[in-house]
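What follows is chain A paired twice: with chain B in the first complex and chain C in the second.
And now, the complex of A and B:
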């Protein structure tokens, strides 16, 4: 009975076959576990979206299809009828922004306007603008407080709103491993929300803390959704992607002023085309003592600050 | 045989030399191309034809909102069609002597509650004692209420200069006036002429801490 040649006939299953079976079962289980994320991913991402090309490689026809799909998705997810445009940079236009710290009162109306205009997540109160309360005598933005309260402006403080500086040498673009963010011809640093993988390298690289991450799918009530949307700016973002201030690209590329500027009650904000010698922004750059934040980093911001003399 | 080998070696080395030269040339040409490519965006942005096109279009205007009108005073009287009657400033002031006072408490008939916190100015610094339906400049020139901003600019030159150059006072509309109009505020929209300091206000929209969701079923990125 101990003859190995007779084992198979008596037990029916050899040790080798049993091990093979166990191995195959474990392998199948591991494979099933490994592809499980695909099953859950498929619930909220269409095949079209998965196969969508990079923004800069989309043909106009493809772009049209993508826009129609996103409009339909917004209708399905939020119940809102929105119009998404893909406004292109204008020739001869490079945007720049200046902010007068002498007349900013710190009311945070710009941050609120941004929140509404750009369809930010309501529960988290997200905004591309962070207003820092700074003690007079220091320009160290790391000592600024964003969570100030009470009547403003306080006599010992000045107020410095900080948003994306649209750097001409943007560190966030350099670190993106998938080129999901880049510099547009009019100076705006854009993000393709459908190409971003959400690694947040750019958030870490930005010295101005200007980038935001969509921890959740943005929750916005249907009636509060801004219906005029831009593909690269204020359309509804998916969960898990980066976003940032685009100088309200969907407005400014149509010639309009950004939402934060319109909300400013004191006129501390100046916006315009830096290539137009007659523009207000050029007047500020030529006649005020402007400075940029963290100049020593060499990021070359398109956002300037100044005090009145 | 050796000569032939030598010839071959020379040819071989010439070949390598030529290849190396070509490689260098390639690197230089490529480098110049990459260098020039890096300025393409800049050149594109500087393109003159684009700018010329923008400027050749019709320009929209800048409208100033809230320019003061000649004020009237609401009275208890009712006009013949039942509406409350408004009277011009001159209605009362033509029969009264102008008073060069700085404080509304000095007045015994009207304007007592008026808060006056505007430097050392007296009523007659801006109001025209000879015709109260108008204002007067520092040199005595009579100007209508619609020219209030000219009056303000006499003392507040830097602010007026900044305003005229678009860096003081809120605005709405278009940065690009070839594509749409712009609306601006007159001085008195934000600054009370009698107490012009911009008031303290309560900030809106306090920031919230961002707390990432803890449950894995919500995080599907």
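And now, the complex of A and C:
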């Protein structure tokens, strides 16, 4: 009985106990107050979304339900009526992209088209494409800058747009702790927006600055929202998850071309199925001296660059 | 052992274990005014942090200063440092058990409790860094999708949780037996002690591999990263434990022998110098070779193209570490508490900067397309981080508050039954 606390008078102990009770009550009240913002946030989260399984585990019926729910949520949050489709990779197709650095003028129309097509957050002006202005005479990105301005093209520069390279050996896929990102059969690296936990490990791992995080809930005016959307591509993304270029899979899997290619005024961009011997992309790969970015990292990009001369 | 005696002893556990738990709860809420003031202060800070985090979850992580360019910030910096602290906790364990140093035996538990508190803080820093903490269950093997063994992050989840369980087991087992007044059976804890020593190295190595394995980030992509992690952990861990021992010595009635502190100082003397040596080696490789790989190191130490937000941080760190090393090398330091405490605080803060902001942020600057976007944490990030530190200190204080009287025999089952 050497502890001074236990030698106190009975009176002292009961007063102490009462104080402890008051303390605990105050503490609990303060806790509730501190956590209050979460309670309001939780109200907007649906139980179905919380329990939703991984994209690749969903049965067609479950997928149907999920799509209906997300369409309704888009209506509620943005006021827009959208149709969400889930186009699958086609057999015998593997996509590749090539970009002619001799004729790209750095107008950033591709980046703009991406911004619109993929329903990017308007205030941040986000896009999956960054165009680098590079000094002629060096291919080292250290001599490039993305924040150039003024009339283009400048005579001492060439321009190099960079977007997801859809690597065949993608570090972003390897590092994801929950398999929220993976490589589809046609070579496109996809993200399940309803499975990603937002750890941003993939963003640290990607050597091409290709991934984008939804730091806030994307804001897009109702009239500008694309009415037909892809489940794994340009549908509205939730806050707190990762996204990236999908080679516009909602278009390309249905035989159309990516939005960035259609927007390019110079024809610098070539897109197609490398498994098709007649395709233009095959011709470029076979006849031009193409190169990939950061080849030494072993990421095996499906995105090629070349010069005309 | 006959069947009867086993069932008897398990029946007695049914009585004594709840008593043990209850006694710990009672102990945890008792103390002098200083204890209460300290706990109330920490609770207030923790609640401020909790509130800041709640705002972050609601509004999105855009309320932090992180961007797509610098996508990890103060949280992951603290996480990295905290893993080191957890591993450093076992510094007490190694001499005690490997060399049968009696002086250390009694206070080993202080280091292991530190490991436990540090792991809780690690988990906290990971959770606040998630964009979708509500989807945490996606990581649970079985119900979620655990990308093992490819993703290094899943390895980290395993080693950190394993380390937590091992240390909880050792501490719980030792305390419970002390409480019952029974000599602990070495079979039930000595193997775990050795596992925990090896495991401490693994949590460090795996965490270093998280960064080291990323080919696209040259600043991290160096083989020296993991060894340097270990050395600096073995500076910050002992430094914190010495500070804790000094606090216990001056603010409570428990006796802390000089022997333990001397051993810890000796450890720090070696590790802090190795750490400085590795720093020199790293800086030499970066700057003598040159080339674009050097950009991040240039940015960190001298600034790049006029951007230099981290320069004051890293030189503060280097300065603090050097001063701490000089102080520690003085032969009489253990006899001069003021100097010892100063050295430990300097070393601790120096490593915190180096293994946190100094390691994580330059990995992102310049970014993979060689753009330079700077980062410094904002008020909200500081509040959240302070909240986690406060919560960790609450856990550590309570743990020591409970463990010390039981360990010294001041509180025991016998005394409790006779009251």
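FYI, the second predicted complex is superposed on the first by the 266 of 309 C-alpha atoms of A that agree within 3 Å, B and C clash if a C-alpha of one lies under 4 Å from a C-alpha of the other, contacts with A are read in each partner's own complex, and residues count from 1 in each chain.
One rule holds in what follows: a residue touches a chain if its C-beta (ideal position, glycine included) is under 8 Å from a C-beta of that chain, and two chains touch if they have at least 3 such contacts.
Source: prediction; values computed, not measured.
Enquirer: Where does A:216 make contact in the superposed view: on chain B (first), on chain C (second), on both, or on neither?
Expert: Both partners, chain B and chain C.
Enquirer: Under the stated touch criterion, which partner chain does A:185 make contact with: chain B (first), chain C (second), both, or neither?
Expert: Only chain B is touched by A:185; chain C is not.
Enquirer: Which of the two partners, first being chain B and second being chain C, lies in contact with A:170: first, second, both, or neither?
Expert: The answer is neither, since A:170 touches no partner chain.
Enquirer: Kindly classify A:264 by the partners it touches after superposition: chain B alone (first), chain C alone (second), both, or neither?
Expert: first
Enquirer: Go through the superposed model and pick first if A:130 touches only chain B, second if only chain C, both, or neither.
Expert: Both partners.
Enquirer: Thinking of the overlay built on chain A, is A:198 touched by chain B (first), by chain C (second), by both, or by neither?
Expert: So A:198 meets both chain B and chain C here.
Enquirer: Under the stated touch criterion, which partner chain does A:30 make contact with: chain B (first), chain C (second), both, or neither?
Expert: It touches chain C, and chain B stays clear.
Enquirer: Figure out whether A:280 sits in contact with chain B (first) or chain C (second), or with both, or with neither.
Expert: The first partner, chain B, only.
Enquirer: Quick check on the superposed pair: does A:141 touch chain B, chain C, both, or neither? Answer first, second, both or neither.
Expert: After superposition on chain A, A:141 lies in contact with chain C alone.
Enquirer: Indicate the residue numbers of chain A shared between its chain B interface and its chain C interface, in ascending order.
Expert: Overlap of chain B and chain C footprints on chain A: residues 40-41, 130, 146-147, 198, 215-216, 239-241.
Enquirer: Provide the residue numbers of chain A that touch chain C in the complex, in ascending order.
Expert: 1-3, 5, 20, 23, 27, 30-31, 33-38, 40-41, 45, 50, 54, 130, 132, 140-142, 144-147, 162, 171, 174-180, 195-201, 203-209, 211-217, 238-242, 294, 297-299
Enquirer: Inside the complex, what are the residues of chain A that reach chain B?
Expert: Residues 40-41, 44, 90-94, 98, 100, 103, 105-109, 111-112, 115, 124-127, 130-131, 146-153, 183, 185-187, 198, 215-216, 239-241, 252, 254-257, 261-262, 264-267, 270-273, 275-276, 279-280, 283-284, 287-288, 308-309 of chain A touch chain B in their complex.
Enquirer: Quick check on the complex: what are the chain B residues that touch chain A?
Expert: The contact residues of chain B facing chain A are 41, 44-51, 53-54, 158, 162-163, 165-176, 178-180, 182, 185, 190, 198, 200-208, 210, 212-213, 218-221.
Enquirer: In the complex formed with chain A, which residues of chain C make contact?
Expert: Residue positions touching the partner: 29-31, 40, 43, 47-48, 50-51, 54-55, 57-62, 66-69, 71-72, 126, 129-136, 138-139, 144-147, 150-154, 157, 210-211, 213-217, 292, 295, 363-364, 366-371, 405, 410-411, 415, 419.
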